[in-house]
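Going in written order, the chains are labelled A, B and C, and every chain counts its residues from 1.
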Amino acid sequence: MSMIQIENVSKWYGDFQVLTDCSTHVTEGEVVVVCGPSGSGKSTLIRCVNGLEAIQQGRIVVNGTALADPTTNLSKLRAHVGMVFQNFELFPHMSVTDNLTIAQIKVLGRSTAEALARGLAMLDRVGLKAQASKFPGALSGGQQQRVAIARALAMDPICMLFDEPTSALDPEMVNEVLDVMVELATEGMTMMCVTHEMGFARKVADRVIFMDHGRIVEDASKDDFFGTPRAERAQLFLSKILQH
Amino acid sequence: MSYNWNWDIFLSPTPSGESTYLGWLLDGLQWTLTLSLGAWIMALVLGIGLGVLRTVPNRLLAGSAAAYVEVFRNVPLLVQLFIWYFVLPELLPTTLGDALKQTDPLAQQFFAALLCLGCFTAARVCEQVRAGIASLPRGQRNAGLALGLTLPQTYRYVLLPMALRLILPPLTSEFLNVFKNSAVASTIGLIELSRQSQQLVDYTAQAYEAFIAVTVLYVLINVLVMFGMRLLERRTRVPGYIGSK
Amino acid sequence: MEEFDWTSIPGALPILADGMLITLEITATAILIGILWGTVLALARLSGNRPLAWLAAAYVNLFRAVPLVMVILWFYLIVPTLLQRWFGVSQSSDIRMISALVAFALFESAYYAEIIRAGVQSVPKGQVDAAFALGMPYHLTMRLVVLPQAFRNMVPLLLTQAIILFQDTSLVYVIGLADFFGAAYKVGDRDGRLVELLLFAGAVYFILCFGASLLVWQLQKKYST
C-alpha cells in the first residue's frame, strides 16, 4: 500500500519554479532516500509532504488523505507524520521531558502520565534517558537531534520525514544520529529521508531519488542507483560525494 | 449624533479679526516645525558629540557622557520642560534671571522648549550613535589608527561615516519623536499645533473639527519625514552592507 | 539667585503620595491592557488575514504618529460623550481619571504591539514548522511555542517601555489630573515654592526610573548569558 503518493507536483516561489512535475511514492515499510545538490528542491519536496509548504500544481496523498482537500485537517494529519529538521528545532524554553510530552498532551489528548511514560520510553530508545530533565541548550547537537527523533516517535507516527537530519552536526556526532535512524529503518518504519549520507542509503534504503533543479531525475532501487545511475548529473554528484 | 459639524469654522475670522482659525492652525504648524527642526539640529550636534565621547578610551569623558544620558533619560520630558522654564531663571544670577523674565514671553517659551527638547533628544541620539559605533568591527578603529590617523581623524573619516549610516533607521524614529514631543511645549503656553487645537475648542466649541485637523497635520508630518528619511537612506547606502538590498 | 526653601515639602508628602498612587494606577493599567491588547494587535498584524492585518497596522501607525498630549486630549473629549451615551453617566462627574486610563491603555497598546511583533518575528521560523509538524494548530503553536519564547526575548524591552510609560503619565497634567507631577505642581504653586517642588519631583522620578533601569540592565545581563 502506498503511504506517500506524490503526483505531478509543481511549486513556484513567485516567478521562480522550485519543483517541476515531481512524481514518486513511498510504500508502507519502505525507506526512500532523497539526495541531490543544494538548491535542487529536495528539502522543499519533503516539506510539501506534510503541508509545511503549499503546492500550486499536482497532488499529494498521505495514508489515503489528499493534502489539498479542503476537508482535510492538516494539523490532524501532521500529528501522525513525524518530522525531523536540520536544526533540530527542539523548543528551547521547555525541558527535554516537556518537549517530548507537550504535543502528546495538547494534540493527541493523552494524559500527562501516559505521555510521560511514552516520551521517556522513546528517550530511552535513543539512549538519552539520563537527560530527561535537562534543557535543549545543555545538550550537544547530536543529543538534541536524538531527542527530536524521540519527540516525533512519541507521537506514534505512521511514517517519518527527515530533512537533512545530520547536516548541521559536527562530524563526530553524525553517527550517533544515523545509528538511531538505521535502527528505525530495520524495524520497518516507513521513512523518507533527505540526506547526503550515502553510507546510510547503502545500508538501509530501498530506493534512492536524485533531484536536480527541482526535478526528479533518477528514482531507482538502491542497487540500480549505486550500480548504474543513468542520469549524468547523478553520476557526477555521486562521484563527488563518494570521494569524501 | 447631536453634534453639529461645521467645517467652515476654519474660514471664519478669529475674535481679534486679524486672522482666520485656519490661520491659527498654520501659525501653530509653523511653531511646531520651527521648534522641532531647531531641537533636532541641536540634538544631532550634541548627541553625536556625546555619542563619540561615550566610546573614547577615557574613563572621565565616557563617564560624564553616560551620566548625561541617564539624567536626561530618567526624568519625564514634562518635568524637564518645567525646570527649564520655571527653575532655570531662578538659578541664574539675579540680574540675568530678571533680565530673562523681562523678555517677550513667547521667546521665553520657545527657547525653554528648544533647549529642553534639544537636550532631551540629544541623550537619545547619543545612545544610538554609541550603539552604531559599537556595532562596527573593532578592526576598523585599529585600521584607522594603523594608517597613522589620529583618534579624532579615525572618528571623522572612518567610524562616524559608517556608524551614522547604520543608525539611520533608529534616527528616523527619533526624528519623528521630536515632532511628537514638541506637543509638550503646549503646557508652558507655546502656541504650537496642539495648543492651537485647544484654543480652537475654547473659542469655537467645534472640538472634533479642531482635533481632527491637528491630528491629520501630525500624521502628514509623520509621513513626510518617513518619506524623506527613506530617500536619505537610499542615497547614503553603501553596497554590500546592511540596508543595501 | 534666590535661597532654596524646602520646608513646604514634608507637609505636602501625603498629597504627593496620593498623586504617586494615581501615577502608578495609570501605569499599571496601561501596562496590563497594553500588553494584552498589544499582543492581539501584533498577532492580527502578523496573521495571513489581509483586512485584519491592515486594520491592526492602521491602528498602530495612527497612534504612533500622534503626540501623546493629543491622544490624552482626544480621549478627554470622546470618553465623556460615550460614557453618557452608553451608561448614562452625567457629563459633569469627574471622568478625567477614566479618560486618562483609556487613553494610556489604547496608546501604549500601539507601542507594545510593535515590541511584541518584533519579538514574535525574532523566533526562528523553524520553531513554527516544528510545532506544525507535531500537529499543533495555529493557536497552540502561538500559545505554547512562539509567544513564550517571544516574551522571554522581549522582557527587557517591555520593562524599558514601562519606565517610559511611567514618565509619560506626567502628561495627564494637560487635563488637570493630580498625578505625582500634578500634585507637586499644585503644592508648589500654592506655597509659592514651584522651583523646589519641581526639582524635588525631578529627583524622585530620576531615582525611581534610574533604579528601575539598573534592575532591567541586571536582568538583561543575567539572561543574555
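By definition in this document, a residue touches a chain if its C-beta (ideal position, glycine included) is under 8 Å from a C-beta of that chain, and two chains touch if they have at least 3 such contacts.
All figures in this text were calculated on a predicted structure; none of them were measured in a lab.
> Which one of the chains is closest to the middle, using the mean of its C-alpha atoms?
C
> Would you mind checking which pair of chains has the most C-beta pairs in contact?
Per-pair contact counts point to B-C as the maximum.
> Find the chain most remote from chain B, comparing centres computed as mean CA coordinates.
A
> Using CA atom averages as chain centres, what separation in Å is found between chain A and chain B?
The mean C-alpha positions of chain A and chain B differ by 55 Å.
> Determine the centre-to-centre distance between chain A and chain C, using the mean Cα coordinates as centres, and give it in whole Å.
Chain A and chain C have C-alpha centres separated by 46 Å.
> Just curious, how far off is chain C from chain B if you go by their C-alpha centres, in Å?
Whole-Å distance between the two chain centres: 21.
> Quick one: in the complex, what on chain C touches chain A?
124, 126-127, 129-137, 140, 144-145, 148-149, 152
> In the complex of these two chains, what residues of chain C are touching chain B?
Checking each residue of chain C against chain B gives 1-2, 62, 65-70, 73-74, 77, 163, 167-168, 170-171, 173-174, 181, 185, 194-195, 198-199, 201-202, 205-206, 209-210, 213.
> Residue numbers of chain B touching chain C in their complex, please.
These residues of chain B touch chain C: 70-71, 73-80, 82-83, 86-87, 90-94, 97, 176, 179-184, 186-187, 194, 197-198, 201, 207-208, 211, 214-215, 218-219, 222-223.
> Which of the residues in chain A end up touching chain C in this complex?
Residues 47, 50, 52, 75-83, 85, 87, 89-93, 102-103, 106-108, 148, 151-152, 155, 161.
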